[in-house]
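If you scroll down you'll find the structure; I have some questions about it.
All chains are identified by letter, namely A, B, C and D, in their written order; residue positions are counted from 1 within each chain.
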Amino acid sequence: MSGPIKSLDEALACIADGAMLVVPREVSGVPMAATRALIRRGVKRLHLVALPTSSLQADLLIGAGCIDTLETSAVSLGEFGPAPRFSAAVISGTIKMKDATCPALHAALQASEKGVPFMPLRGLIGSDVLKHRDDWKVIDSPFGNDDPIVLLPAIKPDVALIHAPMADAQGNVWIGRQRELATMAHAATRTVVTVDKIHDGNLLGDPLLAAGTLPGFYVESIAIANRGAWPLGLPDHYGVDAEHLALYARMAATAEGFAEYLDRYVYERRAA
Amino acid sequence: MSGPIKSLDEALACIADGAMLVVPREVSGVPMAATRALIRRGVKRLHLVALPTSSLQADLLIGAGCIDTLETSAVSLGEFGPAPRFSAAVISGTIKMKDATCPALHAALQASEKGVPFMPLRGLIGSDVLKHRDDWKVIDSPFGNDDPIVLLPAIKPDVALIHAPMADAQGNVWIGRQRELATMAHAATRTVVTVDKIHDGNLLGDPLLAAGTLPGFYVESIAIANRGAWPLGLPDHYGVDAEHLALYARMAATAEGFAEYLDRYVYERRAA
Amino acid sequence: MNAAPRDFRSEELLADVIARLIGDVRHVAVGNASPIPATAALLARERGHGRPYVSLLGSPKNTFWTDGARELFDCAGQGRIDVFFLSGGQIDGHGNVNLVSTGDYAYPKVRFPGSFGSAYLYYVVPKVILFRTEHSRRTLVPKVDFISAPGTNAPNVFRPGGPIALITNRCLFGFAQGRFTLDSVHPGHTVDEVIEHTGFEFERTAAVPQTPPPSPETLKLMREVVAPQLAEVYPQFAAQVFGITLPLSAGTASG
Amino acid sequence: MNAAPRDFRSEELLADVIARLIGDVRHVAVGNASPIPATAALLARERGHGRPYVSLLGSPKNTFWTDGARELFDCAGQGRIDVFFLSGGQIDGHGNVNLVSTGDYAYPKVRFPGSFGSAYLYYVVPKVILFRTEHSRRTLVPKVDFISAPGTNAPNVFRPGGPIALITNRCLFGFAQGRFTLDSVHPGHTVDEVIEHTGFEFERTAAVPQTPPPSPETLKLMREVVAPQLAEVYPQFAAQVFGITLPLSAGTASG
């Protein structure tokens, strides 16, 4: 087998137009450099699953016209305000929205992780979240007495795309406490990872490191993207670039400003 | 709040007669010193859930008359042969057996971890494992077409009892890759931990250590039991005491030999 | 929108009210970007000498999660979170919250971020405190356009949790039997004003009490003990409300 | 129970046969205490220049699990384990395996350890190779007393996996359409002997071939390249079968 470490564009090659792509929430290691590279490549019609929420990443992909369907619990720039391209796209109907709630997405990914067709979840009953999801089913729990419960079909993404602090030459990736990244990799057919750096040695060889490691067995390809979560943060490594996010929020407020943002920060490769 | 670190007997005090107790498989950190202390205390009528299998620990508790119900996928001394007290008890009908299969126990604990009444599992259909479990249900998957699937009710133990390499004064416990220990703690009402040693510092304060840490939030009490898994091993720390296990297998082959084993290695506290 | 000039700020009043609502529980979890509930939770912890346990989401230093993003929800599902806070773009008189959109869902007028965990946590956390400072007919509506999570369910639906109160910058509503009751009006505000600015119907007694102002002891505790703790997570809020600035590099959350 | 005196041992023959059964796949997982299947998997990996990926359960050095004891089963459920090995206290002609007990389940005569993961893995791993060296009417029975896992299911039952073969110290059975077929008899054994010692009925052609002995190249590969790798996990087996002893402290698994 050839090694898992590739150039960024090579690593992303397995994300085809129309793919179902799962990405992590805004604080778990968001592959922003990879996201910019995908936009430059002109990826189209993605079914994006943001587990369970997203911020800049989803907004950027939506604004750049890469998204057909968005499945998530929320998109927001947090303290920098609403996600403008997301809001605009939902209002203008240019993306198909599958509104969820956080634990439903976690459970649906865990269903694929466990190879079961569905997972049950409490809550949801009586909400319009459930009402608008005809792919979710309500059954009467066979362990209860008149006890309705929601069953969520497994979400099996084609590709999981994550960013992590480090990987080793064997393809093992250190994810630390962000264990939903492991679930994403287990659930997805393929996993593509960007990392800030390559760890010298085998992450599985040290019990302390191994405890926070996603085994290379699940990893299709890895690309080095130093500070690849920028302008978002990477837990325990660097915080968000607040100035840049504020700039984004201002620019993305209009379609023109967003186009200029893309020109300046995405297509120019300056920030890749 | 008073600190979580107690004497072994104090730590075990919350394990009442008749409790449902979940313990880990033979290679994940088995609290053997605690098991001997429970036998000395004369604990009775336990519903033991061995996740998903057990070796010496279950055999010892069964032989000592502490077990009413055993729920597991297998009990064996591995290369040291069958578990003699287990086999004898099943044949003589002195324990109630709930035969399972490994992933069913994992799933049933994860159900409690997630606060759902059941979890689905593939397999099982057509087996006598399923036939003898009237607490398991088969439904027609609402996502399939004539697609039967087994639903397993959540297992919610009163107490999870585990052994780990170390804990800190805040009650955080380093479990490394043995992540089913976290699931056990999440699923159980209370969690009691024995550790080889106390870590100087806060395990959650270091991202590398935190990745393998069960937060003290879930932990009721901790007792220091150096080499507390003996004569079983502790992953990455020490192996099994093969000589002792061979001795056990020989002695436990008869009721008399087992009684002598208890006298020598359990009641005498010599090995506690 | 400060309270009338007094010796406390409206944030301090709200935090004090919320701390009382929290009561004697084991674990309070506070969502991201919620400085006033965070102040209240830390205040309750100080008063309780370490109880309740307080988790401030979004702050790695003030949370214990090591099982990834799902652990919050699993923890709540286990019954290990007693108090949580929710807000809503719209909240109606039945306690329904809307975090999704106004207008028709298929053709929305305004799109909010989304339901987050509300469609689960609202059901399983015993005490959910609704918190929406903006008290207007725009936010407190007769009927939400989209139910992210309902205030109540039919009796057969598994629901150990739900709303117990709604606090705004004008008043405190209690919630029971599917209805809000005006429990108290904050100093400087009136019942008539509350009626005028509330889009839903609510119960009230003939004489609605004033929300008691925070005691000097509470203010002292909040300003001297709680505020420095808060400053690690919410430095701007702590500086603005309590005049607290941390020495040197204030700790910042990574997300 | 060695094969007739030849230039290979019966363990080597069995490993060679199993390596062929493994075929061209991505991932072979071998259960605890299974040195012959482990030899076969490592042999297949050598021949495939690193493919298949081989997991030797019970050996932390030769497994990648970091998600706890459930990961093996989750991995199989994801379709990421192509080959696994199962044994049984009893195996019957329909491919049913019994790892639980003989006699009535409520009043067993002999109790075995239990079903382990068989009631799941047998269904979801595409190629399950049954491996039972003891070939007798005690182990290969007309009907198992307890079905830990059935050989086949009704067509509507989700079952991407199942048995493809049964290998014993006397012969190799193939498995298809719910029946075993005698594919080959090992050198030094005969069809009549197989019939005599098999408690279930099976298909066979008029001329059952002999199991081909391992080639000199295979024996060289097994002895010189595979055996040293094996010795880390199964030092006693490697010493006994291949005369391999590791220099100094042989690696030992912690469980």
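Annotations for the structure displayed:
Operating definition for what follows: a residue touches a chain if its C-beta (ideal position, glycine included) is under 8 Å from a C-beta of that chain, and two chains touch if they have at least 3 such contacts.
All values reported here derive from a predicted model rather than from experimental measurement.
Each step here moves to a touching chain, and the least such steps from chain B to chain D number 1. Put simply, the chain farthest from chain A by mean CA position is D.
Look at where the CA atoms of chain A average out and do the same for chain B: the two points lie 36 Å apart.
Chain A and chain D have Cα centroids lying 40 Å from one another.
Mean C-alpha position of chain C lies 60 Å from that of chain D. Residues of chain D in contact with two or more other chains: 65-67, 73-74, 77, 124. In chain A, the residues that reach two or more other chains under the touch definition are 103, 114-116, 121-122, 144, 147, 149, 177, 182, 210-212, 235-236.
If each chain is drawn as a node and touching chains are joined, the picture fits none of the line, ring, star or complete shapes. The complete set of chain-chain contacts reads A-B, A-C, A-D, B-C, B-D. Per the touch definition, chain A reaches chain D in the complex via residues 1, 112-116, 172, 182, 186-187, 204, 210-218.
On the chain B side of its complex with chain A, the touching residues are 103, 107, 114-122, 137, 139, 141-144, 147, 149, 151, 153, 175-177, 207-212, 235-236. Partner chain B is touched in their complex by these residues of chain D: 32-33, 58, 60, 65-70, 73-74, 77, 99-101, 105-124, 146-150, 153-154, 156-158, 252-255. Listing the residues of chain A that touch chain C in their complex gives 24-28, 51-53, 72-76, 78-79, 82-83, 86-87, 90-91, 93, 99-104, 106, 110, 121-132, 144, 146-149, 177-183, 232-240. For chain D in complex with chain A, the touching residues are 27, 50-51, 53, 64-67, 73-80, 124.
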